[in-house]
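First chain A sits with chain B, and in the next complex the same chain sits with chain C.
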Partner chain A sequence: MSRWFAELRLIRRSYLSLWSLALLFALSALAVVSGLQHVARQHATIERVAKAQAQDFAAVAATHGKPDGDAGDAAYYSFLLTRDAPPPLAFAAIGQRDIQPYVLRVRALGLQQQLYDAEAINAELALPGVFDWAFVLVYLAPLIVIALAHDLVTGEREGGRLRLLLSMPGHGLWWRRIGLRYALVMMALGLPLVAGTVLSTAPLAGTGAMLLAAALYLGFWFGVALLVGSAVQASATAAAGLIGCWILLTLVLPTLANAAITRAIPAAKGVDLTLAQREAVHRGWDIAKGDTFERFFLNHPEWRGREAFEGRFHWKWYYAIHQVGDETVATDVAAYRTSLLAREQWSARAGYLLPGVAAQSVLHRIADTDQAAQLHYQDSVATFHTTLRRFFYPYLFADRPFTRADFERIPAYVPRAPTGSLPLAPLLALLATAALLLAIGGYRIARVSGAGRA
Partner chain B sequence: MPHSSAIAPAIEIRGLHHRYGAREVLRGIDLQVAPGQIYALLGGNGAGKSTTLNALLGFLAPASGTVRVCGIDPAAAPAEARARLAYVPESVALYDHLSARENIDYFLALAGAERGRSSVIDPALEAVGLPGHAWDKRVGGFSKGMRQKVAIALALARHVPVLLLDEPTSGLDPKATLEFNALLATARARDVAILMVTHDLLSAVDIADRIGFLAEGRIEEERTAGPTGERFDLNALHARYANPGVAA
Partner chain C sequence: MVIRIAQEEWRTLLRNRAGVIATMLLVALVLVAAFVSLERRTRIEADRAGYQASVDADFDKQPARHPHRMVHYGQFVFRPLAPLAFFDTGVDSYTGNTIFLEGHRQNSANFAEARQSSLLLRFGQLTPAFVLQTLAPLLLIFLAFTSVARERERGTLRLLRAQGVDGPRLVAGKLMGHGAIALAIGLPAFLVLIGFAAMGMADWAPIALLILGYAVWLLIWAMLAVVISCFASRSRDALAALVALWMVGVILLPRALPEVAAVETILPTRIETEVALHRDLARIGDSHDPEDPYFNAFKQRTLARYGVSRVEDLPVQYAGLVGMEGERLSTDLYARATNEVSAREASQNARVHGFAVLSPLIAIRQLSMALTASDVTAHQDFLDQAEAFRYRFVQTLNRMQAVLIPHIGGEDPRVSAENWKRVPRFAYQPYDPLRSNAASIGGNLMVLLGWLVGLSVLATLAARRIGGIVR
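This part shows the complex of A and B:
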């Protein structure tokens, strides 16, 4: 223990080390606070929308809930709330939640035109990303590792202490120094996360999984620092080399990989599906009603024979147009989802080679804030929307009145079940790369000789 | 102090050869230093002094020959050999942001001293004559002589039987050199075997019990101080030192 304490004192008396660790702690704490505020804002938004929604729904029910009420009016004016409340660990890894909708008011009209409203609102936020704990870990923590470990050997050589140090008995000098810095970086990074977990009453197991991912990712960077630091003679060269690695591994290669994946797997935007669905709906006004109903009955034969109505307009025709509109773009929707999932899978595969990508995808999966989580929310909205249609269609096609009591029976949205998980493949990839680099770097640093003059 | 062949040498080198690539830097060195003896290995630049030290420190494995520190082969068991020796580099560099006390404490911890370190640090600092007001000052402001005192204090505090010194008086003024030699005499009195590699003939003559002339990778000649305390003939030594490769 004595050697560990001696090393700890050496770090404690080094201003660079202290300031680096303090900076990391401050950044981590700031990111956690920022994440908690982001989550609180989303909760507040959901609460605010739910309150307004309840007032709006009550007003609609009061207006249209009559003994001879029309289900078409009720379905048209009744917006129902769906929400995807931030998962407990979202504060640490906000993921897609800042650019994807998490509260949607849907009605029994075409689904696709209601799903992607938010995509066009704040897509620009996707460019810089959000400042959360995952950002601090993936992008900033490696810089602190570089500051603390780049001159592990070269600093002693330049300071003229290398031969004296190596002339001392005992083993494991470099591992002790790396181990201590590793532990301190983990503490500076992890303590605010644990505090955030306690404050948000998130499950500790999820936080543990995040810390595991962080430990492996930082292990990778300490391995890189060992490798580069043991290969060069000057601290400035080591620092420049490591900054080059950081630029390459966290900025350039992920951007290139993203560009390649985007190019290789084209995907329409959600707003394109909205437009396509809207066009199909508008076309419904221009074609014969019989044609619309025939297409409608292909998937809803139970209502065949109920389509007749007098006059130029009936809600059942209108809802059939919307239903057909959704079904017209069903293939495009499936392709869109397949493309998104394929991109996600290829991003995960890129993570096997790019630890920053792996760490990010692992954190977002654990926090349940990634693309998959967003698709789960969309699925839950789609399921609810189907339930809504099934609720209203008997009223519409059987010409049943929609009374005040029927408003009470309108189904409510059931939030999706949490899907956060610990993805093993990227974690194992992180473990493999970290272990490999630490082993090679450790082997090289163990061969550092005092035979030079310094 | 006269060399006694009855005492087992603390430092023993026999037939040491080493080469860097095609260049043979050591060509069969034989050297022994007994406890309580100071051996000065004199030689010019490139004579092989530092390579000899590196072999003793276990920093390199010799091509052939044997090297022993208290009977231990430093190349085969470096940690065990280093536990028995203290090394003072030519330019003593310590952690500038630590005090003299803290530096010694740190290196003692590295050497495996678990507890009670403070009880050996102060006497060692006192023994080397470092002024008390400097003990808790950062060594960043120390002169070379003061740094060397701290390094010697570290060696004394470790209570090791072997001391290796690399150009110890290089850059020291005459007064500091005298003080340093007095320190070595203190260590010698504690039965420490001291090997100093140097090209400072005056200092070697002043303190060493034996002097070896190293030239082109071999010890060409060794001289021993007289058995009744007579020192070396400086003029003869100077002539010898100035003409390496010419047998006396």
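This part shows the complex of A and C:
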């Protein structure tokens, strides 16, 4: 035990180590505060939007909710709000939530012309990326590890103490040194996260999983530090070499991987399906009404026989056109989704080689703030849209009046259940790289001798 | 004497194998980034031009219809990518690049690349600008952090003094040595830019300013490294201080500041804007209400203008005229809402820009995005052009309805398909940053030059200090 205290005293005497740990703690705390603030802002926005939306809806109900009201008008003018409130752990890993919409209004018209609408974002503020705990872990914590561990061996050699240290009885010197620094880094990084979790009453299990990912990721970096530190003679060389590794692994290779993935998997289907949907909807006005209804009855057979109407226009025909438009582009929609998911999958695969990318994808899957989360939200909007359409069909096809009271019966969006999960593949990849690097680093450092320049 | 010190510095650096390899890697990375990014821009531009041509052709192919149907068939416009966007993609990945234009609605620009990518995109995009802004400073730090501290550690400062080198000359020599290296590191990127301009693919003026800006940016980091190396007692301390400065200035501040700005100025959502707009529009009047004061006044004005007393006697379709009036009103309201939102965005951005004095990265980033026409101002210009076009396009169709429909009549009046070819097409006017964004470009250049001046003052102080030590 006294050896551990002796080691702790050494760290306390090193300004660089103390400052690094204090800095990491401060950054982690700041990031958690900033993340909590971001999440609070999103909650406030949702509340504001819900209020504005409620007023709008009430005005529509007042205008169109007459005893002989037309369901077609009601469906046309009633926008319904869908929202995707930040999941509990979003504050730690905001992910794509700063650029993806988390409020969207839909009505019973074609879904595909509404689903991809963008919310107002300030692109310039989004450009550098968000400042959250995940950022501190992936980018900044490795630099702190480098500051703490780059001169473990070289520092002793330069101080002329290496021979003495190695000749002392007992073993486990390096593991003690590494272990203590590792624990201190994890504490400086983890305490603010735990505090944030408690403050936001998020589930501690998710935080535990995040800390596990962090521990593996930082284990990898300690392994790299051991490896490089035992291979070179001078502390400055070790620091330079380690920062070189950091640049490569967190700045250069991920951008290269991104360029390759974007190039290999185009996502143009989004535009294609929008254009195709427009053609389909507007063609509906020029073709025989029977053709549209026939196509519509394929998936809505219950309304067959109710399509006839007098005059040129009836809302049921209008909504059938829109639904047929959506169904026409179903394969394009599927292809678009597949391309987005493929990008996501290849990014996760890049994580098998790049620990930073793996840590990023693990954290955001746990927090449920990645592309998969956005797609899940879109799915829930689509489900709701179907409910909404099917709510109006009986009024439209059975010519039932739509009164003020019916406005109260319009279904409301039910928020999606969180889908945060612990992705095993990238976590195992992290475990493997961390174990490998720590093993090699440990092996190399155990073979360090006092020989060489002292 | 100064030149000899610089030469000695170059000789030392050439012997530093790791430094030479890192420099070569960075140069290679700049070239790879330029190549990859150029290919990407060409592909995106071809895609968007292809889409634009195809939707324009689709518009011509539409059958005979009521003009109002064409108002909602609408037009898609795609934002062309500026030629220099290969050098700095700026916000292009974060802004939607296609807008659906139709009557009485202002739709959002959709399908931003960042929304379609995994989180990998948030690590940054490989462009020459990314390499020069983020990575080059680190390389310059590594090459220069020992420059003066090394001499002090080895006790060679005294030796130099004996040879007649005083503090100012020593510092000037080191600055010259590392300044030249900084410019040499930027050279491949500059040559790419010059080649681009020589081929006539971009104007010389923004290219020259871009080169100037990046040259100053690289010089700032070379100078900073030498100055810190003068003040530090050990090389290691110089390295730690410089890496910390880089981390805060290049990585941390640009990320942390947006949250501050976003909290201070709330950006309303599109939904709120839409709701408010419909409320305001309803307040002006309801054209379907025969008792509505606003539209009754409009009717009286219209009847007076045509010198008739009844709507039925008008030579044009009254509903078409009401449509035009409604479009005018809603477009005005949209313009007001848009201005309000962009003013808020601008105030958020100004909050961040204010910190350029602390972190010159913000200045070079703004300068680079502005000159390559990939910043928010250039995007706003596209949005403005699209909106102005939308208004012309919709009103052309409304006018067709007012003028042509009375002569057609019948149950289902349709205007012949020939007319669609007379409807205007979107012709994007290339955005000239030097004309539209001169103040920001000038301001950011001044900030960068200010940094250079400030560092020169610090270098003079450092030189005096070293003179003291040497003596």
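Quick note on the criterion: the second predicted complex is superposed on the first by the 422 of 454 C-alpha atoms of A that agree within 3 Å, B and C clash if a C-alpha of one lies under 4 Å from a C-alpha of the other, contacts with A are read in each partner's own complex, and residues count from 1 in each chain.
Just so it is clear, contacts are C-beta pairs under 8 Å (C-beta built on N, C-alpha and C of every residue); 3 or more make two chains touch, one makes a residue touch a chain.
A quick note: this is a predicted structure, and the numbers were derived from the prediction, not measured.
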Give one word, clash or fit, describing how chain B and chain C relate on chain A after superposing. fit
Contacts for A:Ser167 in the overlay, against chain B (first) and chain C (second): which applies, first, second, both or neither? first
Answer with first, second, both or neither: which of chain B and chain C does A:Leu275 touch in the superposed model? second
Answer with first, second, both or neither: which of chain B and chain C does A:Ala52 touch in the superposed model? second
Regarding the shared-chain residue A:Ala6, is it in contact with chain B (first), chain C (second), both, or neither? first
May I ask you to decide whether A:Ser421 touches chain B, chain C, both, or neither, giving the answer as first, second, both or neither? neither
For the overlaid complexes, name the partner, chain B or chain C, with more touching residues on chain A. C
Between chain B (first) and chain C (second), which, if any, makes contact with A:Ala267: first, second, both or neither? second
So, does A:Tyr139 touch the first partner chain B, the second partner chain C, both, or neither? second
Which partner chains sit in contact with A:Gly159 here, chain B, chain C, both or neither? Use first/second/both/neither. first
Please work out how little space separates the C-alpha atoms of chain B and chain C at their nearest point after superposition, in whole Å. 14
Can you tell me which positions in chain C touch chain A when the two form their complex? 18, 22, 29, 36, 40, 47, 51, 54-55, 58, 62-63, 65, 69, 72-74, 76, 90-91, 94-96, 98, 100, 107-126, 130, 134-135, 138, 142, 146, 235-236, 239-240, 243, 247, 251-252, 254-256, 258-259, 261-263, 267-276, 278-279, 282, 341, 345, 348-349, 352, 375-376, 379, 411-412
Quick check on the complex: what are the chain A residues that touch chain C? 16, 27, 30, 34, 37-38, 41, 45, 48-49, 52-53, 55-56, 59, 81, 95-96, 99-100, 103, 105, 113, 116-131, 135, 139-140, 143, 147, 235-237, 239-241, 243-244, 247, 250-252, 254-259, 261-263, 267-268, 270-271, 274-275, 278-279, 282, 285-286, 312, 339-340, 343-344, 346-348, 350, 356-357, 360-361, 364, 370-371, 374
The chain B residues in contact with chain A across the complex are 50, 54, 57, 59-60, 79-80, 82-83, 85-87, 89-98, 102, 105-107, 109-115, 151, 164
Touching chain B in the complex: which residues of chain A? 2-3, 5-6, 9-10, 13-15, 159-161, 163-171, 173, 449-451, 453
